[in-house]
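A quick write-up on the structure given underneath.
Which chain is which? They are A, B and C, in the order written, and residues in each are numbered from 1.
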Amino acid sequence: MKRLLTRQNMIIAAVLLAVYLIVQTLLSVGIISAFYETNLVLGGIGVIMAVSLNLITGFAGQFTLGHAGFMAIGAYFSAVMTVKWGMPFVLALLGGSCLAAVMGFLIGLPTLRLKGDYLAIATLGMGEVIRVVLLNTKYVGGAAGLFGIPRLTNWTWIFVSAVVTVLCIRNLLWSSYGRACISVREDEVAAEIMGVDITRYKVLAFVVGAFFAGLGGGLYAHYYYFLQPGGFGFMKSIEYLVMVVLGGMGSMTGSVMAALALTVINIFLQSYAAIRMILYALLLIVIMIFRPEGLMGSKEFSSAMFSRFERRGDRGSAGGQ
Amino acid sequence: MEQFYVFLQQMVNGLSLGSIYALIALGYTMVYGIIKLINFAHGDIYMVGAFVGYFAVNYLHLGFLGALGVAMAVCVVLGILIERIAYKPLRNATRIAALITAIGVSFLLEYTTVFALGAQSRAFPEVLSNVRIGLFGNKVFVTNKELLIYGVTLVLMILLQFIVKKTKTGKAMRAVAFDREAAMLMGVNIDNTISATFALGSALAGAAGVLVGIYYSAISPLMGVNPGLKAFVAAVLGGIGSIPGAALGGVVMGVIETMVIAYGQSTYRDAVAFAILIIILIIKPSGIFGSNAREKV
Amino acid sequence: MALLEVNNVSKVFGGLSAVTNLKMKLGAGELVGLIGPNGAGKTTVFNLLTGVYQTTAGDIVFDGKNIAGKKPSAINQMGIARTFQNIRLFSDLSVLDNVRIAYHSHVAYKLPSAIFRFGSFYAEEEKMKARAIELLKIFHLDGKKDEIAKNLPYGEQRRLEIARALATEPKFLLLDEPAAGMNPQETAELMNLIRWIRDHFELTILLIEHDMSLVMGCCERIYVLEYGRVIAHGDPETVKHNPKVIEAYLGEEVTYA
């Protein structure tokens, strides 16, 4: 306990609390309009999705194109839990996340044997299969969609969920389990020889990533009143991939910043969908050609606020010192 | 007996779709064979081919063969440009980096087209009149367009087989695919060979685009996404890197998809392709004709 | 009882027999050399012993247990560690992380305690870090613990690989050409270090080496491999004078004194 109450951690907690309170106040007195509230929600969901995808792709090195599929599962299941079963929101969020994690396990176990681009295609296929199955499930409204979902997601839920996601994934990564995941990305053969059960850690990253993608989905579902399978296609997965790539594969703070930055950019490109996609495309190409490690590479942004993310060399003993 | 004719009719339809998948799959398989990249933009080259065909007929007033030729030529140039500008700088980068770039190129082609021409689909001009030919006492019908698709596909495949097996460029392509280092030492020009591979693959995709325009009469900027992915599945099914494999895989995929629509649920048509993919990847990732090698330690 | 027993093991790649009818027996605490011309199958033997490849025939018994069908990670956890002929460090990670990753099978906290930072997490992490640094000291790498592995000079990378292998706390250590690319002075130091490691960690070591002087001076027993078969075996003196060995090495640069 003592280790958690370091000065640094207190400062971070204080800053986070201040951010939360300021935004909350601005929202309640109406200075932040509904339009910007929507973008706050989208930004928060973006953070959750990008950080969880980065765990799988950036840290564990497993390239997946089906992240939106897990989001869909979380969204639909949590919506079913509140709309059809009358469950409280917290339970619904947890239920959606857990089901997404279970799917992550079931799908990850066979497909994670595949390497690189084959895995990418298999996960892309998985995302599409999830979408088509939802499209054909009458219980959740099929192609018409699932309606009448209460708007329960608000700034508080978004903020708390995003912080919890970042903290959990960060703690996982800065531990022996996280280092094992990273070793799989670095060299699978060497990792196995060093006693790292690579399948286990690939699946671990996949399951934890899917869990938080499910959380992002649950939050999304309870903000937009209705869900449609088409909203969780390949495009959505790419949107989050762009965030991860832009921020840097293997940089948590990079993902957070990229998610927020792209949300802001999207505000301006709201009514120019094609230009937005062209911009995304150019971003992907240009970053890969000129800076394939992303803006942050695998470094973490540090300042007073983020100095918990120590340099790579001290990964694992960070946080407590 | 009735049922058999229904089945046969579906085979006729399935073969047309399968021919188109096969033409696209060939490009995937050749490019993968030579630079180990899933060229995500390949399906979009096929889309560009369809649009070039559309403009060639509407504005240049060309007939079928003229449109086919122009579409193939434009796609060749496009394929070479994409490789030189986007993929070449990444030849020694990680596979993931190259793959992300390919996804970027794919989006760029799609949304530049949306931006320039709008997202709505357009009617492909009628370059051929519709003729239905009855078989088995008019129990099964095959159209002149279907025959055209079979014919063009067959001719192009034979041509491709000839180029790959008999010409110097084809031999160079096979050498580079087998062992790039060794090929380079033997004096093969790697850059030109890779360009030639993209050129050939893109030409076939361009042809497939025009054929689809004629067959389904509608084209749109995002028309390449699904056929592209399915053609890739076809290439994997046949054994990626294998030319006969891609041809066979394409036909099989087309037939299966048509059967799913006819006998099952058409909404599942896209899922079936991916289900097949995941199953092959798990059971026999090397596909029907592929071979598998393990990393040397 | 022998620590390692290799019973009539063969390995065929396609049509090529890389290892044929290999028999080996190593007792606890031995330091044994495995030599032979290039392509003789030495690295293949290591790959079989560590589960990177499965045997085509025969079986391998380590510490009384058959390792057939076991994953490399499971074999490592039984107590076999190795280095690679072509260095395979986690090259973008720090020196310290390279070693800490190898400690991972011995970590005492569970996943929830890592995510929620309760229980023994901090204590275990500190213990692990201290042990890793201690190990790095042995290899004179503690001053470079925060450097990225790929930025180390070649000789240090080789030493780091040994340190990383030791961090898995093996009973049996396999070294694949540990002195490759080192100068004579570094090689001599390494020889002493290997012997010292064996005594200090109470290990059994099997060592592949091209540099005959290193093997002759360092190992107590030697197996000579040619075309995948053992052509001679015994103490360095016997092996050195074996006509088959002399013939096998003819044409190669004979570097032993």
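What we mean here is this: a contact is a pair of C-beta atoms (placed from the backbone, for glycine too) under 8 Å apart; a residue touches a chain by one contact, two chains touch by 3 or more.
These numbers come from a predicted model, not from an experiment.
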Geometric centre: closest chain by C-alpha means: A
Furthest chain, CA centroid comparison against chain B: C
Computed distance of Cα centres, chain C from chain A, in Å: 40
Distance from the mean Cα position of chain C to that of chain B, given in whole angstrom: 49
Centre-of-Cα separation between chain B and chain A, whole angstrom: 34
Sequence positions of chain A contacting 2 or more other chains: 189
Residues of chain B touching at least two other chains: 297
Contacts with 2+ other chains: residues of chain C: 52, 84
Interface residues, chain A side, partner chain B - complex: 57, 61, 63, 110-111, 113-114, 116-118, 120-122, 124-126, 128-129, 132-133, 135-136, 143, 189, 234, 238, 241, 245, 249, 274-275, 277-278, 280-285, 288-289, 292
Interface residues, chain A side, partner chain C - complex: 3-4, 168, 171-172, 175-180, 182-183, 186-187, 189-198, 204, 298, 311-317, 319-320
Chain A-facing residues of chain B, complex: 36-38, 86, 89-90, 93-101, 103-108, 110-112, 114-115, 119, 225, 229, 232-233, 236, 265, 267-268, 270-271, 273-275, 277-278, 281-282, 285, 295, 297
Residue numbers on chain C that touch chain A, as the complex places them: 50, 52, 71-74, 76-77, 81-82, 84, 88-94, 96-97, 100-105, 107, 109, 111, 114-117, 121-122, 125-126, 128-129, 145-148, 164-165, 167-168
